[in-house]
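Take a look at the structure below.
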Amino acid sequence: RYGYFGKDKPEVVRLLLCNLSGCLTDGQIYMSADGLEMVSLNTRDSLGIRMLQKEGVEVIVLSSSDNPIPKLMGEKLSKQIGCEIRHNVEEKLTEVERLRKDRGLVWKEVAFMGNDEPDVHCLNLAGLSAVPLDAPLVSLNAAKYTCHSAAGRGALREFAEHILLLKKKAKSQMEQDRIHRDTF
Amino acid sequence: RYGYFGKDKPEVVRLLLCNLSGCLTDGQIYMSADGLEMVSLNTRDSLGIRMLQKEGVEVIVLSSSDNPIPKLMGEKLSKQIGCEIRHNVEEKLTEVERLRKDRGLVWKEVAFMGNDEPDVHCLNLAGLSAVPLDAPLVSLNAAKYTCHSAAGRGALREFAEHILLLKKKAKSQMEQDRIHRDTF
Amino acid sequence: RYGYFGKDKPEVVRLLLCNLSGCLTDGQIYMSADGLEMVSLNTRDSLGIRMLQKEGVEVIVLSSSDNPIPKLMGEKLSKQIGCEIRHNVEEKLTEVERLRKDRGLVWKEVAFMGNDEPDVHCLNLAGLSAVPLDAPLVSLNAAKYTCHSAAGRGALREFAEHILLLKKKAKSQMEQDRIHRDTF
Amino acid sequence: RYGYFGKDKPEVVRLLLCNLSGCLTDGQIYMSADGLEMVSLNTRDSLGIRMLQKEGVEVIVLSSSDNPIPKLMGEKLSKQIGCEIRHNVEEKLTEVERLRKDRGLVWKEVAFMGNDEPDVHCLNLAGLSAVPLDAPLVSLNAAKYTCHSAAGRGALREFAEHILLLKKKAKSQMEQDRIHRDTF
């Protein structure tokens, strides 16, 4: 209660980083004989991204170098979800650290959604972190929040609501603290 | 029991409005590298629309401006489900109010199926309203009926059966009232 | 036990009729902006058809006129599942009656898998009948067997195993009856 | 405990054989009117294959002659999962025996993932064997391990983790035995 004295900046999420494959998509890659490759997105997750952006949270989607997305597809996906996609991310932690420092943020202000072993460090470090319901055990254990929705079926939307709820609570707590400060 | 005296018009649904994305589809958008975009419909839902039309209920599908459907795709979808699709709906309530008034209907005669935050007003106002099983909490709370089927997997069909059952009950109740009136 | 005296023909299924959409497929139709239309089949169901054919059961798939399948697609589907597809079936019962009589079969020798209201008559009449797990109530009530698998996800395969098991039982029962007859 | 004396070679899996259709894919084949055919893979399963390879387990995927995959599609799938696919396998057991003997392995060193009746022999013989959650009863009964994940939705990944866990246990057991041997 007293920690907020002399400090107005709320400790809330300002940046959400999220995997493309296995978080925003369900991890399925559709392939045809003549070289067509498809993935699918859910409009509910796109809406979740918009909800965060409207509340001032920057959203960046990370695409791993393990599952490279063709350039044109990346552009279409980016347009559909309405945010930037970073392609060919080799080392998740390195990339997330760079993005965090570039924005002058502390880990408490970063939310991270991952779904597998390479995401464990970020899941541990981020102020808020989540995995979809169907994530493997190794990432389930590291995440602070396990979604009730599966990957590519609203998991990001659910995490977005979770983030916004906590943000609202933090703000109202700070507001109350300010009142206490002014009163006594 | 007495309210029906001197009034023959049954208070039953005459118009069903339903979201395209997230109600009639499961919200998934399939995307390929070369710009192909796909959505999927379930034949069970198309049958539900036909069942309603056969009983004199008009069905109109609403497509939001957030997820614009290419023109040719819209025409194909419309042909598949056998009813009109209104494209680029910006404000759900405004559009629904316009459609309702154009037909001289009261809210009790309108059924609405939605699936997210922008649908809350209509879910509250419509005489009958429903959301698919997998809808976010905000819309679940506003809907009068929660389907056991998920979006794009028979939710509309289920709601159609619900509407027709209530319509049948209302008619038989009115019939009984008429008999009472004539008898006493 | 005595009913089989003087009658050697086993009362077992010789013909299986099954809906294409909503039984063999999951009812989903995928549509793109440029007119591409897709449906999906499960290899497990194709294997079920082969199992029945190997035991002398003829399999014919019925495609309703409500959801016409393009000609080329029909040919590809037919090749994939390894049996005939009857297209543009208008009245299910009429078509099934015709197929049954053409083969000189009684209803007890016909198995039928359906999934909706137009299938109710056939589900009631057929010696063995089934619906997928996710079929609407109206057909669930008429079917003698409800699959644990959903449409397009192994329901036909499951029904095939059910048919073959009963066929085996009937045969062993007749064998026993024959022994009894010879002994006493 | 005494069995390891004089024998240093660990009894752990060195080769994993897995069905393409119904294990690595969910068995769905998507078909369009103009001859397009698609299957889907999950990136989680691809990651499972990489995990095994990194620990020195060779992975080979078997594609049955019942569901022939077009050549170009096979090449794309093979590249996506990062391992060899054997096409047109007629008799599962014959092929697996050949692969096993070519590498001078005993059955204890072979892991096998199957999903249907033609796989029963291999499921029985392999040192470790598994089926996806949604496999038919005949293969469920033969497998030593039943995955909690469905085919094409992480079943292979789950089996990979199971194999690596047992491999680790076997190694640590052998290490302990070696210490015992040296101490007494």
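By letter and in written order, the chains are A, B, C and D; residue numbering begins at 1 in each of them.
The rule we apply is simple: a contact is a pair of C-beta atoms (placed from the backbone, for glycine too) under 8 Å apart; a residue touches a chain by one contact, two chains touch by 3 or more.
As the structure is a prediction and not an experimental result, all values here were calculated from the model.
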item	value
Third chains touching both chain D and chain B	A, C
Maximum centroid distance from chain B, chain identifier (CA atoms)	D
Centroid spacing, where centroids are CA-atom means, of chain B and chain C in whole angstrom	34
Gap in Å, rounded to a whole number, between the CA centres of chain C and chain A	48
Where chain A touches two or more other chains at once, by residue number	30, 36-38
Contacting chain pairs - touch in the sense defined above	A-B, A-D, B-C, C-D
Touch list for chain A against partner chain B, complex	30, 36-44, 46-47, 50, 69-70, 72-73, 76-77, 80, 152-154, 157, 161
Residue ranges of chain A in contact with chain D within the complex	21-22, 26-38, 66-67, 116-117, 134, 136-137
